[in-house]
Each structure stands twice: as structure tokens, then as C-alpha cells.
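I am attaching a structure below and will ask some questions about it afterwards.
A, B, C and D label the chains in the order they appear, each numbered from 1.
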Amino acid sequence: MSYAKQLLDTYPGSFDIDAALLGGTIDALSDCAQACTADADDDLSEENVAEMVKCIRLCLDCADVCVATLGVVSRRAYYDPNVTSLLLEACVAVCRSCGDECERHAHNHPHCRVCAEACRRCEQACRDLLGAMK
Amino acid sequence: MSYAKQLLDTYPGSFDIDAALLGGTIDALSDCAQACTADADDDLSEENVAEMVKCIRLCLDCADVCVATLGVVSRRAYYDPNVTSLLLEACVAVCRSCGDECERHAHNHPHCRVCAEACRRCEQACRDLLGAMK
Amino acid sequence: MSYAKQLLDTYPGSFDIDAALLGGTIDALSDCAQACTADADDDLSEENVAEMVKCIRLCLDCADVCVATLGVVSRRAYYDPNVTSLLLEACVAVCRSCGDECERHAHNHPHCRVCAEACRRCEQACRDLLGAMK
Amino acid sequence: MSYAKQLLDTYPGSFDIDAALLGGTIDALSDCAQACTADADDDLSEENVAEMVKCIRLCLDCADVCVATLGVVSRRAYYDPNVTSLLLEACVAVCRSCGDECERHAHNHPHCRVCAEACRRCEQACRDLLGAMK
């Protein structure tokens, strides 16, 4: 278990998002960023690396967007809700694209199946947070 | 001068964005990320740090979003243009918010004036790239 | 639970570090990076923010080093073991400094107690990985 | 030109490193991080991508370490000089490894020549900063 929920429970200010929902999104973002970083590297170890190029790039994009989103939602004063919304929407979009591509390789490459699962969970978590922000 | 333009000119594939425009955006993102990281630290050194809290947070958010956008636009195969657009829009929004807040402190704190300039340039560069992508 | 261990178990190549140990280090790095990001923000919400400046800076440093270390150890081909060792040693050092500073505030600020715990766990995990690499 | 030097010149505190030297290192780190990110992507576009795997991984490692070092040296209060030294040493090591690998491909792939140059300049800048810190 991560420290996200504990840190939300000890936050000195107040915020109007459910802590369990936000903590779950933070964990999903963190897990997805690591899974995509690892999966890009797994792809580079495959014999058919030439067929994995799109998967590698999407994993790198997905990791970058998850890391930024993780930073922004971990700061609880959303001075500009528009930034958070656009970023969460970008994260939903990249998790979906990356998840789709990973799924295409899942039957051959078990690591892509794991990464697809991380992307799906993160996509859903970002959707849920977006819904709760409205 | 950075290497962004040279790397675009030696790119092995093709891409349909003007290299000078894309290279300029990449430089603006890179410079803005560093400026925001440094300005957040400058703010922490100010005697009136309690009044700089919003500026610090927006600088940290802006740096995070610029870094992710830098990574994504540096990869030239936009498999999902929607991701790039949403991310560029998030970057425009955070650069504007951060630039506005920095500008409020610019008369007292020269480092905030420098950071505001970096944010304005990056906001404009992201808008230009968005325009060119359409 | 994160996906780190599953991704190590489905890695297409081989590596000579125990997967449970490496997976545990990856999780500790990921958790520590997020905890430090969140704790820096918690500190910014405290009334005595001027007294928290050192803690904020160390948290930002610690998050940066953990993220880089996470990336490097997630790529399993250590072409240059010297890079990994120096980075893990830098990570041990920053986790210790950040953990010490957080602990100084732990009695007043529960979020610093949580972050200190994340730093201690990460410091130990990096030490264990360093030990296993020798 | 980046904003690094201007932000050092408007820093509200004092620091005992020459601003031109530190500003130059910050620029070199920032440029190298972007060059490595772009070169990894260029490598993925090459027909002989299978031969570029080591180069891709070293570029990703190098970008990660440069980004962390950039963050840490941009914060001017080195509470723990040991962290900064170890990180700069890790950065020297990864820039050398990545520069060597890029150089091996420089005659075939002009983008690797550009990236090798960025790595060499960053390696030297980190060495110079290390020297000045002693």
C-alpha cells in the first residue's frame, strides 16, 4: 500500500474531493507510470522489437502524462480547475491509446497484458476523478 | 542554442509540422520547465514566503506539465493527435495561470518577472503549435 | 499492489537480481516520490510555512532523485553498473536527509511523519539493492 | 538563450558557485535531457532498430538522470552536498556511456552525432561544476 491515502488524511487544509477516490487515482497514476516505463523496456528486449515501436512510444508518452498528472493532482489547491481537467482528459486519452496497443500484443507478450491492465485501471480512475470534480 | 532543431533536421522519418516552429516550441517548453523549477526555489528564499505559496504551487504544476508536453511533442509520431492537443491545451492553461501569478509579484521579485516571461513565451509557442496541428 | 513484480516476472530477458527484492525497491521508490511530492504541498499549507522551507526543498530533491532512480532500475540492462550504483547512493543520501528533516516535524505535522516513513523505507530498499548488486 | 542565468542573477539569497558556470551547467543538462529524449525516438524510427536498443536505453537513462540533476542543482541550497556530488557523478557516468554509444552510430545516423555532442557537453559541464564545488 502506498502513502497517498495517509497523506490525504493528514492534509492540513481541506479539499472537496473524496480522499479514497483521490488516493486511488494517485495510486493508479503512479502504478501506470511505472508499468509503462517497465513495459517499454520489456518491448526493447523482444526479438520482434521492430513490431513493438508503436507500443514503446505510447508507453513513453503514457508514462510522461501520468507523471505530470500525478504531480498536479497531488497538489490539492486547484487554482485552475481547467488545467486539472484538461490534463486528466489527456491522461484518459493516452491511457486508452496505450492500453489498446498493449492489448494487441497481450497474447504474445504477457508483460503487455500487465501494462494494458495498468492503463485500463488508470484510465478509469482519471474518468472517476473527472466525474467527481464536476 | 539547444539541439532541438538539429535533431528535427536529422530525423529519419518525416513529419508534417514545420521544424523551426516545432523546435521553437520544444525550446520554449524546456526553458519554461527550468524557469518554473528555479522560480519556485527563489520564492522559497523570500522573506514573505507565506505570500508566495500560490506562486510556488503554480510553478511546480507548470514545470510538471511542460516536462510531459516536452516529452510527448519530442516524439514525432502522433498516433493519437487528441492526446497532443489536450496536453498542449493544458500547457497553455497552466502557463497562463502561472504567468499571471508571477506577473503579480514581478515588481517586488525580479525572478518572478523572468519566470513570467518564460511562461508567456511557452504559452504562445504551445498556441502556435496547436494552430499548426489543425 | 503495484505491477512492478508482475512485470519483472514476465520480463522477456534474464537479469541476475532477485525479482522480489527489485520489485520491492521499485515500489519503495515510486511511493517515496509521491509521498515527497504530497508532503511538499502539505508543508505549503501549514501556517508556519517559513519554518518548513528546508523540508519542502528536500522533499522536492528527494522526489526528483527517486523518479530518476525508478526509471533507471526499471530498465534491467545495466550497461553501466557504475551509473546505477552512484544513483542508488545519491538516492540513499537524499532519502536519509529528507527523512531526518521530516522526522524533526513529525510531532507537529502528521504528514511529515508519513513522509519520513516513506523515506526510511526507500533508503533501506536502495541499500538492499546496492548490496545485492555487489 | 535560456532563463537559467537571469534567474541566478535575480536569486534572493546568496550562493557560492559562479553564476555563469552554474547557469551553463543547467543549460547543458536541460539540452542533454531533450536531446536524449529526441534521439531515443529517432532511433525507434530507424530500419535497424534492433541494433539501436542499447542506444535507446542509454538515452532514456541519460534523460532521467539529467532531469533529476537539473532539478537538484536548480535549487541552490545544497543542504546535503553529498547528494549533489553523487548525482553529478552519476550524471557524468551516464553522459559518458550514452555519448560513447551515440558516437558508435554517428557515422550512420546524424541524429546520434548531435546527441553525442549534447552528452559530451553535459558531461564536461557536470565535471566543471563538481570541480567548483570542492
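Remarks
We take it that contacts are C-beta pairs under 8 Å (C-beta built on N, C-alpha and C of every residue); 3 or more make two chains touch, one makes a residue touch a chain.
Just so it is clear, the structure is predicted and the values come from calculations on it, not from any experiment.
Chains that touch both chain B and chain C: A, D. Each chain's centre was taken as the mean of its CA atoms, and the one lying most distant from chain C is B. Residue numbering shows that chain A and chain C use the same positions for more than half of their mutual interface.
We define each chain's centre as the mean of its Cα atoms; on that basis chain A and chain D are separated by 27 Å.
Centre to centre, using the average C-alpha position, chain C and chain D are separated by 22 Å.
Counting partner chains per residue, chain B shows two or more touched chains at residues 41, 45, 57, 60, 67, 71, 75, 77. Chain contacts here are complete: no pair of chains fails to touch. Interface of chain C with chain D (complex): residues 54, 57-58, 60-61, 64-65, 67-68, 71-72, 75, 77, 79-80, 82-83, 86-87, 89-90, 93-94, 97, 101. Chain C makes touch with chain B in their complex at residues 40-41, 44-45, 49-50, 53, 56-57, 60. Across the interface of their complex, chain A is touched by residues 2-4, 6-8, 10-13, 26, 30-31, 33-35, 37-39, 41-42, 45-46, 67, 70-71, 74-77, 109-111, 113-115, 117-118 of chain C.
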